[in-house]
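Should a chain be cited, it is by its letter among A, B, C and D, assigned in written order, with residues numbered from 1 in that chain.
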Amino acid sequence: MTQVAWIIPLLPLAAFVLIVAAGPRLPGRGAYVSIAGIVLAGIGGLLVLGEVIRGAHADVTYTWAVLGARPITVGFVVDPLSAIMLAMVGVVASLITIYSVGYMAGDPHYPRFFAYLSLFQFSMLFLILADNFLFIYAGWELVGLCSYLLIGFWFERPAAARAALKAFITTRVGDFSMMIGILIIFLHTGSLRFDEVFRSIQGGALAGPLLTAAAVLVFGGAVGKSAQVPLHVWLPDAMEGPTPVSALIHAATMVAAGVYLVARTYPLFLASPDHAALTVVAYIGGITAIVAATMGVVEDDIKRVLAYSTMSQLGYMMLGLGVLGYTAGMFHLITHAFFKALLFLGAGSVIHAVATNNMKQMGGLARAMPWTAWTFIAGTLALTGIPPFAGFFSKDQVLAAAFAHDRVLWALGAAGAFLTSLYMGRLIWYTFAGTYRGGDPHATPDGGHGAGGHAQPHESSAVMVAPLVILAVFAVFLGWVGAESLGNPFERFIHFAGAETPPGGFGLLVLSIAIAVAGWAAAAAIYVWRIVPSETLRQALPWAYTLLARRYYVDDVYAWVFIGVGGVVVRLAGLFDRYVIDGLVNLAGWLARQVGLGLRYIQTGREETYLLLVFLGVIVIVVVRLVW
Amino acid sequence: MPGLTHYLVVSALLFALGLFAVVTRRNSVAILMGVELMLNAANINLVAFNKYVAPGAMQGQIFALIVITLAACEAAVGLALVLAAYRTLETVYVDEINLMKW
Amino acid sequence: MDWIRDILRAVVGTIIIFSAVAFIAVMFGVLLERKVSAWMQSRLGPKHVGPQGLLQTVADTIKLLQKENIVPTRADPIIFASAVIIVPLAALLDYVVIPFGTTRSGPLIFRDLNIGVLYFAATSSLVVIGILMAGWGSNNKYALLGGLRSAAQMVTYEIPIGLVLVTVALMAGSLSTVTIVNGQARLWYIVAQPVAFLVFLIAATAEVNRAPFDLVEAESELVAGYFSEYSGMRFALFQLGEYGEMFALAAMAVTLFLGGWHGPVLPPVLWFVIKLYALIFVFMWVRWTYPRIRIDQMLNFSWKVLIPVSVLNLIVTAFFVVMAHR
Amino acid sequence: MSGEAIVFYLLAAVTLASGVIVVTSENIVHSAAALVPSFLGVTGLYILLNAEFVAGIQVLIYAGAITVLILFAIMLTEGGTGFGTRQRNEQAAVGAAVAAAMAVLLIVIATRTGWTAGSGTLPLYTPGVIGQSFLRQNILVFEGTSVVLLISLMGAILIARRED
């Protein structure tokens, strides 16, 4: 299986082609084909994972083209890193696709959704299996495209169309940076293949500040894709897409591709002098972790809260990688994928039931939809790092690595963990506790994704609940594979020489738990016991609230820079274009016209004129000949 | 005794007259007349060369005869065209026959 | 310079024709016409001027000479005047190649051109131009219609005449009229070419605008055709041209088919004159016997009957000539 | 001045004077009528050049047929009624200059070139000799011309035919 792992991405691709070609005529209007493709791919991924755990390894390379003396090779690699990603993506995507059958039921563009989903799955698996920068870049762009298509799936909604464009353009900035980085690497090492590139770097083909620059540029791609500061602005808006898409792309897989990219090209970062590149990675991650968490505290849209949470957790992963916690970062990636997918799907289930995204219009849903509520709470506990849920192990490892490496970064992470508990607690109490504050769900106009005609919120269908339950199981128990008390099997499987996570120590463990619990307590104090009600806080700190609600004005700065300043530049360029360039073009046209107007006295269409000119010519020739 | 040059001069003048008619006349029939004059000038040349430059040969006269034949063809077709144009456009002035222009 | 002598001879000959042959013949022809018509209509005809009215035409000519030359107001004076000259001149030029007889020093002919028959066709075709000019120059719709009809008719009937000329030239192996006449010393071509003779006779009748092809001058339709506006001596000159053309065609018919001057006992010139007047009489006979035909019938007859027949005749003749030379 | 020269100059004068009328007359019928003496003058020149057959054909075709055809065309179109109409286009002056320059150039070339006078006796250009030449040395030209003649005959009929 390992040697033919390239089949795995082709299964969703085949599903995509089938749905595009046959569409609604397929069983389940294309959904079953899509599910079959990704489930088979997921099984394949698990098989590969099993074989890799037992020591299998594959690296297949073909020479695709030769540029001068430099062969461009393409191929795929199966090692622990790609195997675990393959399995994770396969399983999570399978569950989300199954969930989508229920969530998207009744949508007029049902087959198109599954076609996009399959195309995305292909792209993601392709990206994971890439053994060279070319393939990873191609997969990178493909998932970007799918993200664009899926965010704008309800393109008839202006907000969705705008969000899709925003995501596409923002990630494009990162992608461009990544392309430059790849080109620098190719220029100096003469290869795009990871093995050869790393070997060349060890041989000193690329070193010093240039290497750092290349690494940071490649990391720029990850910043864009993983929604790290300062390219994070697209992810909250990306929640305009269907919730399964948010779960699959903007929580579990695609945004994790940035982390995967850093992990995949880790030798590049590690080779950077004084760990400069890794420091950049770590600080970007740490800042993102806390910035996103603070923004999440004031957000009312349930999906956006989760989106900020995702950004924050991605920041943790980056932080982990940046502080030499290679295993910790990857471990957090895997666990996060499961519990964040669970949270998103649960949020989707809630939205499906109440037909709104606004948490303030929910409440008391735990009674109406217990399955959703309990799985959601399990995911939340995992996220906030309450033992023994999955997030506890991974986050703890990240924080331990940060503590060992840089206390400032640890402080950022710890503050983020506190805030995580705070906003997640807020979310839980707003949504599931108390009494129902919303109106008739189907009276609200925001029911564009198949809200049924029911007066009271009720539990979602089995096809939606079943994935929740499976994911909840993962969220609860997956952490143990990285438990140090069990010898941390995950680290034995995925590790990187020179970036071993140091053991955290018991004190740190307790501190971490205490921070998480403190967050929960703060949330309870504000939202349940109302010791310090949120309104009071808002009035006491209006500037802080405004700052957070306006997302630190980043969007406004961008708007000012790109629309204000950029607009001026563009307008100047427009003037230049209109008067100088167009002037030149019009001058050419005007000249041609004037010449034509002049010449048309020769082109009269009458034989007399032509004959006269002929004989004039004859006379000139003869005179010249006679005079000569 | 008039020699070759005499005939050539007459031919040249006749040719210039024909050319003048062709270039300046508006009436298409008059243009055809100019063409006939030019052809006559050419024929004078042919026959004169036959007599003075190549007395033993026949080609000068042969070609003069062929030119006359073709002139008849040209006149027939040309005048047929003039008639057809006149029937359609009710004019024989070439600068007014400009339906296909611009 | 023998060709200067030729030109002088031609000029002198033209004068002689003009005075002797043409004037006298034509005047006599006009009288004959009136006499024949009178005879056919059981009348007497001119009888008072001269013996048996012989000088009637002379008197008429003198009368015409005295008459005023009227030029219509809107007429084109140059064209109007020059048309009068072209018509009789072209008719008279035909006589250059007619061999009237033979003497001990050679044939009695103004110039025995080696392109004789071609010359005849060329000069007789010039008449059309005169007629067109007369018709247009008169600024009279009858004249213009008559001129156009006449031109169409003459152009049409020139073709069978030309084909017949070629046929006979083929028989004789020459374009020279003298050679053609000499070729008939033993057998007149009318025997070998009866079809060609008939075609020629019919076409000649049409060529000179005589009945039944006289619709050009149809009094009932077009007054007098292209010379409606002409008066006095100009009218006489047109008459001269017409009769001159008729005599020329008759003379050519004699030359081509009736053996020219050949004949027993009588002197050659006399034989020629006898044959000529016999043909003239035939023309007149036809004129006063047959009714006029319509213009479309006339044109159709030439294009659909005469020309195909003469072409066929030419081909057959050519075939036999080639076979005979084998 | 010899007799031949007198005749030559006479014929040349007739030809060119008529030609001038042809190209300058404001009356199209006058132009057409003036073609006749011009063609006949050229005919005379042919006779001076010992080309009697060409001369005969010239009279038959040009004077007899083409002129009549032109007159017919004039009568069938506007019959020379366009007296008031401008007969010359706007490039008359330039055209006159070009034509004059062309005449001067041709005359200069004709007088400057040293024509090699051919040796040999002038044969008698009888119709028979010309016919033999046509059907022996120049058979291809002859046949080609006859095809052109046939085609133009049919073409002229086709073009001038009134479509009913």
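Methods note: contacts are C-beta pairs under 8 Å (C-beta built on N, C-alpha and C of every residue); 3 or more make two chains touch, one makes a residue touch a chain.
Note that the coordinates shown come from a computational prediction; the quantities given were computed from them, not determined experimentally.
Engineer: Taking each chain's centre as the mean of its C-alpha atoms, which one lies nearest the mean of all protein C-alpha atoms here?
Structural biologist: Chain closest to the assembly's C-alpha mean: B.
Engineer: Counting contact pairs per chain pair, which pair wins?
Structural biologist: Answer by contact count: the chains B-D.
Engineer: Suppose chain centres are the mean of their C-alpha atoms. Which chain sits farthest from subunit C?
Structural biologist: A
Engineer: I'd like to verify one number: the distance from the centre of subunit A to the centre of subunit C, where each centre is the average of its C-alpha atoms, in whole angstrom.
Structural biologist: Those two chain centres are 112 Å apart.
Engineer: Between subunit B and subunit D, what is the separation of their C-alpha centroids in Å?
Structural biologist: The mean C-alpha positions of subunit B and subunit D differ by 6 Å.
Engineer: Compute the distance, rounded to whole Å, between the mean C-alpha positions of subunit C and subunit D.
Structural biologist: Centre separation, subunit C to subunit D: 27 Å.
Engineer: Could you give the separation in Å between the centres of subunit B and subunit C, each centre being the mean of its C-alpha atoms?
Structural biologist: Those two chain centres are 32 Å apart.
Engineer: Taking each residue of subunit A in turn, which ones touch at least two of the other chains?
Structural biologist: 606, 608, 612, 615
Engineer: Tell me, which residues of subunit B touch at least two other chains?
Structural biologist: Residues 19, 23-25, 95.
Engineer: Chain pairs that touch, all of them, please.
Structural biologist: Every touching chain pair, ordered by label, is A-B, A-D, B-D, C-D.
Engineer: Flag every residue of subunit C that touches subunit D in the complex, lowest number first.
Structural biologist: Within the complex, subunit C touches subunit D at residues 1, 3-4, 7, 76, 78-79, 82, 86, 113-115, 118-119, 121-123, 125-126, 128-129, 132-133, 136-137, 144, 148, 151, 155, 158, 174-175.
Engineer: Show which residues of subunit B lie in contact with subunit A when the two form their complex.
Structural biologist: 19, 22-25, 31, 94-95, 98, 100-102
Engineer: How about subunit D: which of its residues touch subunit A in the complex?
Structural biologist: Against subunit A, the touching part of subunit D is residues 89, 91, 94-95, 98-99, 101-102, 105, 108-109.
Engineer: Residues of subunit A touching subunit D in their complex?
Structural biologist: 606, 608-609, 612, 615-616, 618-619, 622-623, 626
Engineer: For a test of understanding, state which residues of subunit D touch subunit C in their complex under the given definition.
Structural biologist: Touch residues, subunit D against subunit C: 2-4, 7, 27, 29-30, 33, 36, 47, 52-53, 55-57, 59-60, 63-65, 67-68, 71-72, 75, 79-80, 124, 126-128.
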